[in-house]
Each structure stands twice: as C-alpha cells, then as structure tokens.
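Below: a set of structures, written as structure tokens.
What follows is subunit A paired twice: with subunit B in the first complex and subunit C in the second.
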Partner chain A sequence: MLAPAMAAAAILVLLPVLDTLWMSLHDVVLFRPRSRPFIGLENYTIALTDPVFWESLGNSLVWVICAVSLQFALGFTAALLLNRSFAWRGIARALIVVPWALPSVIIGLIWTWMLDFNLGVLNEIGVRLGILSASVPWLAQSSTAMGGVIVAIVWQGFPFFAVTLLAGLQAIPGELYEAASIDGAGPWGRFRHITLPGLAGVIATALLLRMIWVANSLDLILVMTGGGPGTATQTLPLHAFLTAWSGGNYGQGSALAVLLTLLLLGVVITYIWRSRER
Partner chain B sequence: MKRLTRLIGTELPVAAILAFALLPWIWMMMSSFRPDAELTHSPIALWPHQLTLIHHIELLRRTNFIYNLRDSLVVASGAVALGMALALPAAYAFSRFRFRGRQVLRTQFLVINMFPVVMLILPLFVLMRDLGLLDTYFALIAGHATFTLPFAIWLLTSYVDGIPPELDQAAMIDGATRVQAMLLVVLPLAMPGVVAVGIYLFITSWNEYLFALMMTGRNVRTVTVALQLFIGENQIQWGLLMAGGTLVALPATILFLFAQRRLVGGLTGGAVKG
Partner chain C sequence: MKRRTLLTGAAATLAATPLARPHAQKPVTISWWYHFDDPKATPDELVAAFEKDNPGIKIEPENIPWGGGGDYDNRMYTSLIAGDGPDTAMVKFNNLARLMEMDALTPLDKWIDAWPGKSDISADLWRLHTAPDGKRYYMPLQYVVMYLYVRLDLLAKVNQKPPTNFDEFLAAAKATTAGEQWGFGLRGGSGGHDSWMPFAFGTGAKPVKGGFVSPAALSQNRYFIDLHRVHKVCPPSAPTDAFLQIINNMKAGRTAMTVHHISTANDMVATFGDAITAVPVPRGPNGTGWATFGDGSNAVFSASKNPEAAWRWISWLSTGPNNVLYNKAAGQMTVTTSGAAHWTLHPKRFVDATVQSLPIAGVLPNLPQTADFTRVVWPQNTQKALLGQIQPDDMMQAFEKLFFS
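The block that comes next holds the complex of A and B.
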C-alpha cells in the first residue's frame, strides 16, 4: 500500500535530488545539451569564491532571522490573546488565517502595490500622519527593499504561528492554572511555569518547520523585487534559481542548491540534537 | 471595571492584529473596484469616490484569464485526486501495520519537506522536457501531488489512527478484503479528515507559483503565473491585477476558512502522537 506513494516520491524527489548532485559536478548549460563534461568540484569553487554567494548568504540570514522571529512574536501574541475569552473570539480566530491562505504571488502583488512610491497607500498614510517627510521608494532602494519583503512574509506567515500555538495552548489543562493560582502564582509566574513549558514542544516544531520553509521560499521575493535592486534582496535559493533559470547555467545553479541543502541540513541536525539534549 | 480591562487588554490588541491581517486584503479588493482615474492619481485617496466593475469585466473579456482559471482548476483537482490516491493507502498502512522501518519511512516523508524547492525543480524541468511533458497538465499535477504528499500522509495517518482497528477486523471476518475494509469502512468514517486534506491539497496546488512557472507555457498556464505575467506588459495595470488577485484569492480563502479547524486539529494531533 505504501508502494505508490514511495514510487512517486522516488521519481519526483529522490531522482531529482540525485540529478542535482550529478549536475553540480558537471558543466551543464541549457543551450548546450549534448556536451556535459565532468568538472569535479569546479562549480563549487566558483560559487564559493563569488562575492555574490556570500552576499546572498548574508541576505538569507537576515531574511530568515528577521522573518521567523517577527512571525513568531506576532503569532504568539495573537495566540495568547485569542486564547482568552471575549464575545467575538470565534470570528477573530477564523479571520486571522486569511493571509495564510493567499498565494505568494498575490501577497507579493498586494504589498508591491501598497509600498509603491507614487501610488502606495502606506506612503500616503505615513506622510499624512507625519511619520514620513516624503514618499519612500521602499522596494526600489537597497536600504529598504529587504525590509519591504520581510514585512510581506511576516504578514503571510504569522497566522501559522497563531493557529498552531493556539492549538497548543488549548491542550494545556486549565486545572494547572487554577492550582498555580491557589499556590499564589501571578500572571507572569503562570506564564513562565505553565504556559511556556507546556508549549515548548509545539514551539520547537513550529519554529523548525517555519525556519526551513522561509529559508527555502523564494517566490515572494521573486515576485516583489526579483532579488533587486542590484542584489539587495537576493537570498541563496533565489541566487540558485536565477543562475539556472535566467542564466541557463544548470551546473552552477545545482551546486548552489546543494550548498543551500547542506547548510539547512546542518541547522536542522544541530537543532534536533540540541533539543534532544535538553 | 472588568469589562474595561478586557476591552483594553484583550479586545483592542486583537482588533489591531486583525486589522493588520485583513486590511491589505481589503485594500486589494477595494482597489479592484476603483476606476483607473483614482488608481493612477498620486497621492492615492484612502477612500474610493466611485466603484466600478470595469477591471473585472476587462479581465474576463479581454485577457485569457478565464482559460487560466480553467487550467488552475484542472491542475488543482487533478492534484487532489492523485494526491489522495497516493496518500490514503500510505496513511492506512502507516496507521494499521507495524512493520520494520516504519518509523524511518515516516520520517523520510517528512525529510522530503526539507529539500529546497530549487533542488527539485531544476532537474524536474530537465526531466519533464526530456519526456516531452512540459506544458502539460500531467507534469504540474504530478509535481504538486508529490510535493504535498508528506503533509497529506501525516494528516491522514492521524485521522485514520482515530478509527478503531477492530472495525476493519470485523469487516474482514465478514469476508471483506483489506482494500475493501479501507475503502468501505475506514474511508467513510475518516471522511471529514479526508475532505480537509483534500482542501489542503487543492489550495496548495491552486496557490503554487514557481513550479507552475517553470513547467507551463502556451498551452497550460495557471492563474498565479498569468497574474505575474500581467506585470511584464509595459505599464503596470493595477486595476486589472487587483481584480485578478481578488478572483484568485476568493476560492482559496473560502475553502481554507471552511477546513481550518480540522487541519489544525490533525496537525497538532499528529504532532502529539509522533
């Protein structure tokens, strides 16, 4: 019964992974399909000596750290609030997931439209409130472009944390809180000694999943800035994709994809190893 | 007094977060109903003076968008059918049989999730090209079904776990085969979960962009790719784009609101049982 699922996974996941490894060791260029000489690790040395690689890696770090921590902070706050009781809690819980259901392309379009220099509503609001002295070309200048795409991914991803952490909160038995109150624990004490330990597992899983997802995602940036201006928002997966897709250099792009995978694997293994230790 | 603390401490912050979650989406919908004169006037007015259906009508009449919608519908439905056909037997096996390597296999399906999409799509593009499958429904359906397989199996296993195995055994004593027990006894009982997973598969495929961008061309073009291509054509027509965004977002949002409770339940249920 497992056979069909395994066969599909083998053909569409395992085979491509091996193929990427193979391509990364060969000089594969799309417009020259017949000649694919073996070149050893040359694709890797080229990648690692290219300053663009290190720039992309730096961008990826900023992207992952900022996006995941902001998503988590906002999502956790939302989950704690939505776990309290108030009249319209049901509808609030339902509506908070809306950004999560939208395609990346549309999220990219919405935020590009709102951050537009001439017609963007955020510039207009900022100027009216006196926060901005003049319109800012958010996505068109290198100093603010990364901030712009991060806002968009935070918007897309925070409902994931809100929903999963809320489910985790609901699984904590209410008697624990009552017992702690009787023992004289204040709100902060209850949070530290009951909520946080009770959620630790869910938080760890959610953070890991989200980190992998954000580190790999490139469609939102591709739609909003294409990695630009210059290479200001080019993350590692985007660098790999553009090298292969627009540049036609599949060997080089594959080497970059392998490097990204190794990096992620390293992070995941350390993460699992450290959470086991604790 | 208690009411006031609840208002300030809970309801106002929730309202602020909800505003952050919903206002961009509302702004997109509102923009799609405003005439070009308002959309190209800088600075933009916060409140519309006039509402029009012109962008929606133009989108459906003058572009190929209606065909793109059809293609997305075919691909997403295909991905649901194929994904289910693959995931249901696998989930049943994971839930009912204790075999060697079961745990390893389950983790392996999760590891699939970890591979960067770029690592998979570059060779898949070459593979599909060599097989002559580029620009066909099949390439996209197969890709979407497989990429979503790990999560689908994970969720379905937790639903099937909730159905007592004694029921299958009773059916088999009465002469049913394993497959019949799965399809006639377990499947109907797991239906709510199956529907939720189906919706998840549908939305993921409907929303997917990168794979669709690479695998499709003239014959098959899904809505996400088509929308992005509107930008390329000379000056950006925001009205048209926002109308397209509104139409594409609608089915996914409605389905998601419909299924979210079960999806989250399955997600955390699976996480607890491990």
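The block that comes next holds the complex of A and C.
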C-alpha cells in the first residue's frame, strides 16, 4: 500500500537530493559538460574558507530572525483584531490575504519602486511630512538595504501568520473566556492564560514552517537588490544561486545548497518531530 | 565484389531519379534564437523576405527572454548540452570563451572569406569579431559603442563644454552638480561594467594579464570611484543604479552627463531636442582611450544538421539593406558601411559619436570567467568600493585574480 507513496517520494525528493550531493563532490561546471572529475570535499573547503560564505550566513541569520519575528508580531496583531466583531470584517479578512497571494516578483518590483531614491513614494511622503530632510537611497546603501528587503518580505508574509493564528483563535472554546471573566481575569490574564496556551501548538508550527520558507527564499532579494549593494543583502541561498546560475559552477553551488540544508536540518527535524507527536 | 558494385551503382542511380528529388529538396528548417530590447519588435518581416528569396529554407525564430543576459545564456548552454539547441542564435562576446570550451561553435572563416558582403563590414568590426584562436565564430549583426551623453544647456549655464579628457570631465561634473542635480549619472548596478571600462582603461591600460593592477588602471579606477566618494558628483543611489535609473535620471534633468549608447538616442532627443548631444568618452593625455564595444552577433552551432543553411540566414541578415531592416527592429547600429552611409534611424550627431569611437572600441577578455565578472564580480566589488567598504585598489585586485590567477 505504501509503495506508490514511497516511490513518488523517492523520485521527487530523494533523487534530486542525491544528485545535489553527487554534484557537490564533483567539479561540475556548466560550460565543461565533458569533464566532471571527482574532487571529494574540495567544494566544501572552498565554500567554508570564502569570506562571502560567512557574510552570507550572517545576512541569512539577520534576514530570518528579523523577517519571521516581525511577520509573527504583525500577523498575531492582525489575527487578534480580525477575531473581534466589527462591520466589514469579512472583507477585511479577505483583503489581508492579498500580499500573500501576490507573486514575489511583483512584490519585489512594487517595493523597489516605492523605496526608489528618485521616484519612490516613501521618500516623497517622508520629505513632504518633514520626517526626512532629503531622499534616502534605501536600497543603495548597506546600512538600509537589508531593512528595505525585510520590510518587503514582512509585508508579504504576515498574512500567513494572520490567517493561521486566526484559525487557531477560532478553535479556542468561548466558554473558557467566559469562565475566566467570571473568575475575575482581565484582558491580559485571559490572553496570557487562555489565548497563548491555546495557540501554542499553532504558533510553534507556523514559526517553524515560516523559518524554513524564509531561510530558503531568494526571489524577493534577487528582484530588489540582487544581493547588493556589494554583498549587503546576499543570503546563503542567493549565494548558492548566483554561484550556480551566474557562475555556471553547479558543483560549488550544490555544496552551498547542501551546507544550507544541513544548517536548516535542526529546524526541519524539530518540525517533523512535532508533526509526528501530533 | 561485382554484386556490391552493382548494388552501389543501382543505389546511386536511384538517388538520382526524380523519385528521390522530393526528399532531397524538402525545405530545411533553421531554428534561430534572438532577443530584441523592444518587446513589440518582431523579425517576421525579415523572415518572410528571406524565405521568399530562399524557398528551400524555412526559419523558425524564437524570442528568448533576456533576464539581464544570464537567462538567455544559461538557456543556450543547457539546451546545447542537452542536444536540443537551435541551429543558430544571437550571441555576445562575453559567452564566446564558454561556447568555444564546449566546442559548440562552427568556424565561419571559409564562408566569410567567400562571402560577397565581407568588404561591406569594416576592418575594425572584423578585428573585434576574431576569437583568441584567430578564427571567426561570430558573424557581426549589430553593434553599439559606449559614448557620453551631454546636456549642452546645463553645461553652457556653468560655462563648460563637452569634455574631451578626464580633467575636463571632472570639471564639468563638478560645475553641474548642485542641489538635486548631479554632474554624472554613474551606473554601479547591473551592466555598469560597460560604463566603467572607459574610465579604467582610458589612459592606456588594457584588460590583459597584469592590466587590471597596472599603475594606469589603478589610478584611473581611483578617479572613477572618487567621482562618487570624494567629489560627490553622482546621485547617492549610484552604487545600485542600473539602466533604467541612469536613463530616467538623465531624462528627468537630474544628471548632466551619463554613459550609454545609441539605442537610447531617439528617446533622449524626444525629451531634450537639440539640448542633448553625444561625444566620445573622455580620453587620456596621450590620446589613449577606451570605448566599450557592445556587440551583437550570430553564431552557427556545431550540432546544427544544416550549418550551410544556417549560414545563409545569418549572412543574409548581415547584408546591406537586410541589416538596416534588422536594426530597425533591434534599435542598434548597422554593421554595414553601405547601411551606415545612409543611416536615418538616429540623428547624425549620435551616429558620428558612435563611429568616431570605433577606433578605440574594445571588449573584455574572451575568457570563461567573463560572464561571471559582468554579472556578479564587477557589481559586488564596485558597489563595495563606491560605499567605502573596500579600497578601489582591492576591487582591481579581485578582478585580476578572477581573470588571471
């Protein structure tokens, strides 16, 4: 009975993984198709001794921690607000999904133009309101570029938390809140002792999933900055992509992809362990 | 033995009979990959005209997404490796070395030497289209040469003339920088290497082994980086500004000068009329200079089953009036001398600036690393230098290491 599912998993998941591992141990260069010598761990040695790898790893940590925590905070707030009764609630719940539904390339282009030094609406508003003394090249200076791309992915990803946590909130029985109110619990007490424990499982699963997705995502950064200026916004998956796609060095790119997978393995194992428990 | 001879003779006779002819005369289909900057432009008119002149050959053009050049190139490499590539395609110098390493190209020399149109293409262009091994794999199709756009009215206000050397250029850039207006639209983002080379190699340095770290190149590169870091004559967004930004800044009157080529000339004239012109990029003290050559060629792939028919198509495209018609769609310069003599697609002053730059036109080394240099290594290191994260000399060391270590 399990054979078809196992076969599908092997073809769709295992084979590409094994192929990536094989390539990472060989000198695979796109424009040298007839020569693919085995070079052992040399691709890994090169990657780990390259300062760009460590810079990209540092950028990845900033990218994942800031993006996921801000998405979570914004999404949780939105979920709490959308769980209350108010006019047009149905429309608000539908509209909040829009950023999540848009393709990353579109979102990247929208935010690139909004943050543009010459024509960007955010600079225009900032200058007119007196918040900024002059236009700021947000994506052209290393001190603000990472912030710019994080804002974009937070906007794209917070609806995932909002919708997931809203579903979790609706699954908490209303009687618990009534009982707590009768026992004298205030809003903070009800939130701390009913809402948070009731959502703990959903929050953990959503955070784990989103961490994996954000850590692997590169499309938004590729569109907005290409990893620049310099390497200020270059994350590990983007480094692997540029090495393989632009440099034609698939062996080196595969080694970087394997290293990224190993780094994410802890998060993945935690997710699988939680899934099995449930 | 006699029987074999008889059979061979019979086969030869059969092949010569009218029954065999329909097969022999079956139209040959040639697949051709191309890309035009203008998404509305198509080669349909050209294909129809060629097929009318050559009834035995059918052309299947396929517009391949450009994606900054990387998407086009990688699709080409992967399709060739998979054995599913086109017969012929538009190609760029920066992938010549990689295609040569793949043995993917057919040498065109014997056909070029016998081609009546050879003398209609200038010696400068044939020189640039010769590979490091002395053979010619690329057929000239279109070209541009980087020149300097100058807002004459803005320079006149501060008593400056279009610069001819680097001292005059800096003086003009400084004089036209004020408030929300900058003297020079520097391109530090994607594709910026084409605008950087006229500065780096403008006083005699060459992109050969040791050339990137030669005193002339190092000094000129410091001059280039200092335009942004020290003299502040470029918009603050310069480190990541790419094609759209430098052109939009120029058209919005935010910059007085920028480096680009003739494909944007009509757009500039539509915005500024006679107030804008183009001049060759600044030259060094001894008349040295470097104008980046922007190539567009066709190549016939060695895997093609009909290389002669593919050659017929690409040579037809590079012939006098056909090449003019082609460049109406491509928006670039014809490679034929006869076509250039009666060129009406761009105002004469922009054509003159292009043609005057040809003697100093140059290209990057034809090495497998060139594509990686243009897409990743140049922008990363240049942006770091423009932002003060590394020294200008460090970026040149990185380039030398990439190409020649």
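Simple rule for what comes next: the second predicted complex is superposed on the first by the 256 of 278 C-alpha atoms of A that agree within 3 Å, B and C clash if a C-alpha of one lies under 4 Å from a C-alpha of the other, contacts with A are read in each partner's own complex, and residues count from 1 in each chain.
Please note the rule applied: a contact is a pair of C-beta atoms (placed from the backbone, for glycine too) under 8 Å apart; a residue touches a chain by one contact, two chains touch by 3 or more.
The structure displayed is predicted, hence computed values, not measured ones.
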Open item on the list: Quick check on the superposed pair: does A:P137 touch subunit B, subunit C, both, or neither? Answer first, second, both or neither.
Closed with: second
TODO: Tell me which partner A:N118 touches in the superposition: subunit B (first), subunit C (second), both or neither.
DONE: both
TODO: Considering only touches as defined above, state whether A:F53 meets subunit B (first), subunit C (second), both or neither.
DONE: neither
Open item on the list: If we overlay the two complexes on their shared chain A, which of subunit B and subunit C does A:W245 touch? Say first, second, both or neither.
Closed with: both
Open item on the list: Applying the document's definition of touch, where does A:T231 land relative to subunit B and subunit C: first, second, both, or neither?
Closed with: second
TODO: Give one of first, second, both or neither to describe whether A:W63 is in contact with subunit B, with subunit C, with both, or with none.
DONE: neither
Open item on the list: Just to be sure I read the superposition right, which of the two partners does A:R32 touch: subunit B = first, subunit C = second, or both, or neither?
Closed with: second
Open item on the list: By residue count, which of the two partners contacts subunit A more extensively, subunit B or subunit C?
Closed with: B
TODO: Would you check which partner chain A:L74 touches, where first means subunit B only, second means subunit C only, and both and neither mean what they say?
DONE: first
TODO: Classify the contacts of A:W155 with the two partner chains as first (subunit B alone), second (subunit C alone), both, or neither.
DONE: first
- [ ] Indicate the residue numbers of subunit A shared between its subunit B interface and its subunit C interface, in ascending order.
- [x] 118-119, 135, 245
Task: subunit C partner contacts - residues on subunit A that touch it in the complex - done: 30-33, 116-119, 135-137, 139-142, 225-231, 234, 242, 245-248
Task: Complex contact set, residues of subunit A against subunit B - done: 1-2, 4-6, 8-9, 12-13, 15-17, 19-20, 23, 74, 77-78, 81-82, 84, 86, 92, 94-106, 109-111, 113-114, 118-121, 123-125, 127, 135, 155, 158-159, 163-164, 167-168, 171, 201-202, 205, 209, 212, 215-219, 222-223, 237, 240-241, 244-245, 250, 253-254, 256-258, 260-261, 264-265, 268
- [ ] Enumerate the contact residues on subunit C facing subunit A in the complex.
- [x] 70, 74, 77-78, 81, 98-99, 101-102, 188-190, 235-241, 245, 248-249, 252, 254, 368, 371-372, 375-376, 379-381, 383-384, 386-387, 389
Task: subunit B - residues contacting subunit A, complex - done: 6, 10-11, 13-14, 17-18, 20-22, 24-25, 27-28, 31, 39-40, 42-44, 46, 85-87, 89-90, 92-94, 105, 109, 112-124, 126-127, 142-143, 145-147, 149, 153, 203, 206-210, 214, 224-225, 227-228, 231, 238, 241-242, 245, 248-249, 252-253, 255-257, 260, 264-265, 267-268, 271-272
